[in-house]
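Just below sit the structures, each encoded as structure tokens.
Each of the two complexes below includes subunit A, the first together with subunit B, the second together with subunit C.
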Partner chain A sequence: MENDSLIKFNDVSYRYESDTDTPLPLAIKNIDLDIRKGEFVAVLGHNGSGKSTLAKLANAILAPESGKIFVNGMDTSDESLEYEIRQTVGVVFQNPDNQIVATIVEEDVAFGPENLGIEPKEIRRRVDDALKSVGMYEYRFHEPHKLSGGQKQRVAIAGIMAMQTECIILDEPTAMLDPKGREEVMKAMQRLNKELGVTIVLITHYMDEAVKADRVIVMDSGRIVLDGTPRQVFAEEETIEKAGLELPDCAKLAHALKRSGVNMPSDILTPDEFVEAFQRCVSGGGVL
Partner chain B sequence: MTVLEARDVSYQYSVGTPFQITALEHISFSVEKGELLAIIGHTGSGKSTLIQHFNALLKPTSGQILLYGKDINETKETARDARFKVGLCFQYPEYQLFESTVYKDIAFGPGNMGLSKEEIDARVRRAAAFVGLTEPMLEKSPFDLSGGEKRRVAIAGVMAMEPEVLIMDEPAAGLDPRGRRKILEMIENYRRQTGSTVIIVSHSMEDVASLAERILVLNHGKIARMGTVDEVFSHAEELQNMGLNIPQLTGIFTRLNQLGYGVNPLTYTVEQAKTEILRYLHKGGAADG
Partner chain C sequence: MVKDITIGQYFPGNSFIHKLDARAKLIVTFIALIEIFVCKNFFSLALIFIFSIVSILISKISFKVVLKGLKMIYLLIALTSILQIFYNEKGKVLLEWWKIKITSGGVNTAIFMAVRIITLIFISSLLTYTTSPTALTDGIDRLLSPLKKLKVPVDTLAMMMTIALRFIPTLIEEIDKIMNAQKARGADLETGSLLKRAKALIPIFIPLFVNSFRRAYELAFAMECRCYNGSNHRTRMKTMKFSWRDFVAFLWVAVMLAAIILLNHFFGAVI
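Coming up: the complex of A and B.
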């Protein structure tokens, strides 16, 4: 349905400005993409494949060189709509140090909603909820610059959560986190998506995070090379590897075993699925 | 031979303020020559604080850091010496690049060591080769490189000081799988060829399992465990309670083992896992499943 569309790219290309007379190659090439309300989309791609550029285009930080992008029907090239577009689509970037503005954690989280003119009682509630959902509530009176990298990132995520934008784009939010921190952030994103209906676009290098999305997009050299459910996308081992990526270890193992003549399915995505398939395989005699 | 030793090291931040935090408590351990030690721990467990002690950027509130048996904080000279012998590469080191060419950036560290021009040149080229940077790249601006290349320039800058101990905080964070693998291979090659001691801090249990010989586990500023990869990863539950985990495949093999399949739970890489399953199936393991 057309009106379900939240972010729509129509034949979009973009290139960064060059310091010299030779123009740089296109960072984004003729992309058509439709992100629908309520989706949880993971975007994969090697460093320099155009993932972060995609995020900046969706948030009107960059305007396309050609083609059009619409956020809730609003044209991102129209500067007068910038404010409203950013109230719809919030971005959490890779490096939290560039995103923290206040000297106390809870003030930092309150910064966004304060600027939206929300009443203090509601801000209080949102700040507390957001800090709790990223596991940083007990640090609410701390100074952000004294937190570890992972803790700062969770504060930055809470800041966007508190603005309650319809869509949050997260650009490798877990790159600096420990396993538990990653899991907490992942759970917080899933909760926002499932319970509050927030559309999530997660740019990540972790295949096990992408597996948990509804939809996975793989980028390579500025183009979308795969777009589908995790199961559809991760079945394309060759394209994934050509794009400089890897399957999750359990999937890699299943593929390797299959090639060695073991009767394992090729669409395994999680450790649980692997264990089940292995049990079936052993009771069925194991080897093809 | 012991290269580095922490002897009952404790460290407190912001002493005397309401924000006083004990970051490290009674840390004692030693690192052997040529060893690859990994340090793991939840965010805020004190990993970064600990490694900054090893080249005298931080001074223990109590306790000592010994380099070849000598306290590095004894005098200004010993601290300065430690800064050259122990090379520290921070998280996201590419943010610290600042020179106009890759060559100059790599030469900055050794340039501060009072070496001859020829020696500096030789070191820059050696370090560049270790990280796979080509000759033409040396004359480029570091800011024209990709993220992964910038990271390698920054690491080469530390390697060019030819430290006896190379410490890296999350060397592969933020890189795509291929970039990640490249950096890890590079570190292993560097260690094998130079015989240097390497300490890496990492949140990736997979990387740690495939690279390290011993693992130091920090939890709330204390050593929770120190041992071989097998010793540490055989305590899955304990690690999970500390906000850590075991590698994905180790999790699978631990489960299979608990379900009664005779496979080794301490399996880490896809290659090991494949061999282990084929071994199990060929010896007719189907019977005990």
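Coming up: the complex of A and C.
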């Protein structure tokens, strides 16, 4: 199992620099975390819980105050490895407008591989592949500012994909998007993970997105409070609420029904599961 | 209102001029601009003026668009021409009133100057109308690349240009948003004296600047994440190649230069 580890946090703490004399509290407190190759991990947490800091630490943009982070065995505190670490772990940020560099979609996607000094023909191939896998190939000659939010964000994801990183960390990529845009981006991420085996770390505060992950990590004030499959994590209603989060809608409804005496299982996550369990309840005479 | 800004506007197309290599287009435009200043009489000037009109026709860009580009500077054209009338005292006197003397030489230079400026605008705007901003910066980057040997950071300059062009529409959108936000708060941007209106712009520009710095910061992060480090190891996805069209264009301006010099030689100079 040890070989499968892609990003490894060993007792990591981090604190942002303060403008005044009093130091700020730790943003990340003694975190131990192991993200394995091919996983689809969702990181949940309310604002200021340290989840974005986690992304910047994994990408060597920030160096830990104490502890070590290893990406494929490379120490992120070692500045000479920065370049290689960023070729392994790519980050997509929240605001697509502020991460698109070029004036034409395909040129923006080519930006990363161009920086890596790759042959023009190979760049062409990678750009086309990346745009196809996020479903933006028809838009390759468009100007980014004329695209919708979801489309821009998919271009940003393609830009990281074209660098062929093993892992993509997405820092609230859907926060600024409408429901349709969110679904487009979510589908693109799932496809990358399932079809191309890219490790995905999705930082989000939408529960319904986290449900689709293989593994969910819940953060609260710089610590990891829950870590497990969505089913395991969302069964812990109390801890989730203490972390300032809410359960997915269907889970909330199931819990409420259960409290009022309906015989519902406590591990319901998706609408389909809910419908199935509810039907069983009704036909089995489970209601009251 | 702000959407009227047309700096570096590009009209995609498929014409001969659109298909020219960006480097060739830059060089040809540069030579053509020099040729405008080489012209000494109406014959040579007419030649280059016709050249600019023919080029616009070939590019299939509508004349409406090109004339709209002139609108911004018609005052400049008028002013320069009028000044020429008064300052030139050569030739026959056409009109004399008090201390002002209008001569045929003055009128000639006035017309000459006006046509010259118009041709200048036609040719230079044709470059931006028919070349995508990316191709243009790429072309400049490649043309200037010999300067890298003199330690001029050509790559970095080209990247700065690309980013500036990339953010023009974003910032224009943002100005619109801020203006609406301030109007919603009761800001009065359209009435009052010039000074008052200028003052009303302050609450527009301060948020704009603050936001731009935030954007720059985030963009820098994102660029770092994509392994940009300003070094010379960068490669390009698109390679540029000269084609027969580019040689035709070069030949065209070369022949024109020769013709202009001949016309200058055989006919008397206006200026």
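Just so we're on the same page, the second predicted complex is superposed on the first by the 285 of 288 C-alpha atoms of A that agree within 3 Å, B and C clash if a C-alpha of one lies under 4 Å from a C-alpha of the other, contacts with A are read in each partner's own complex, and residues count from 1 in each chain.
We take it that contacts are C-beta pairs under 8 Å (C-beta built on N, C-alpha and C of every residue); 3 or more make two chains touch, one makes a residue touch a chain.
All values reported here derive from a predicted model rather than from experimental measurement.
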Query: Between subunit B (first) and subunit C (second), which, if any, makes contact with A:204: first, second, both or neither?
result: neither
- prompt: Between subunit B (first) and subunit C (second), which, if any, makes contact with A:124: first, second, both or neither?
  reply: second
Task: Give one of first, second, both or neither to describe whether A:76 is in contact with subunit B, with subunit C, with both, or with none.
output: neither
- prompt: With the two structures laid over each other on chain A, which partner does A:104 touch: subunit B (first), subunit C (second), both, or neither?
  reply: second
Which superposed partner A:176 touches (first subunit B, second subunit C, both, neither): first
- prompt: Once the shared chain is lined up, is A:93 touching subunit B (first), subunit C (second), both, or neither of them?
  reply: second
Query: Should A:113 be classified as contacting the first partner (subunit B), the second (subunit C), both, or neither?
result: second
Message: With both complexes overlaid on chain A, does A:133 touch subunit B (first), subunit C (second), both or neither?
response: neither
- prompt: In the superposed arrangement, which partner chain does A:46 touch: subunit B (first), subunit C (second), both, or neither?
  reply: first
Statement: Residues on subunit A touched by both subunit B and subunit C 95, 143
Task: State the interface residues of subunit C toward subunit A in the complex, per the touch definition above.
output: 132-134, 162-163, 165-166, 169-170, 173, 215, 218-219, 221-229, 233-239
Field: Footprint of subunit A on subunit B - complex, ascending
entry: 13-14, 19, 41-44, 48, 91-92, 95, 146-148, 170, 173-180, 203, 205-206, 240, 243-245, 247-249, 251-252, 255-256, 259, 261, 270, 273-274, 277-278, 281, 285-286, 289
Field: In the complex, subunit A residues that touch subunit C
entry: 59, 61, 83, 86-87, 90-91, 93, 95, 97-104, 106-107, 110-120, 123-124, 127, 143-145, 159-160, 163
- request: Would you mind writing out the residues of subunit A in touch with subunit B in their complex?
  value: 45-48, 94-95, 142-143, 146-151, 172, 175-182, 205, 207-208, 244-246, 248-250, 252-253, 256-257, 260, 262, 271, 274-275, 278-279, 282-283, 285-287
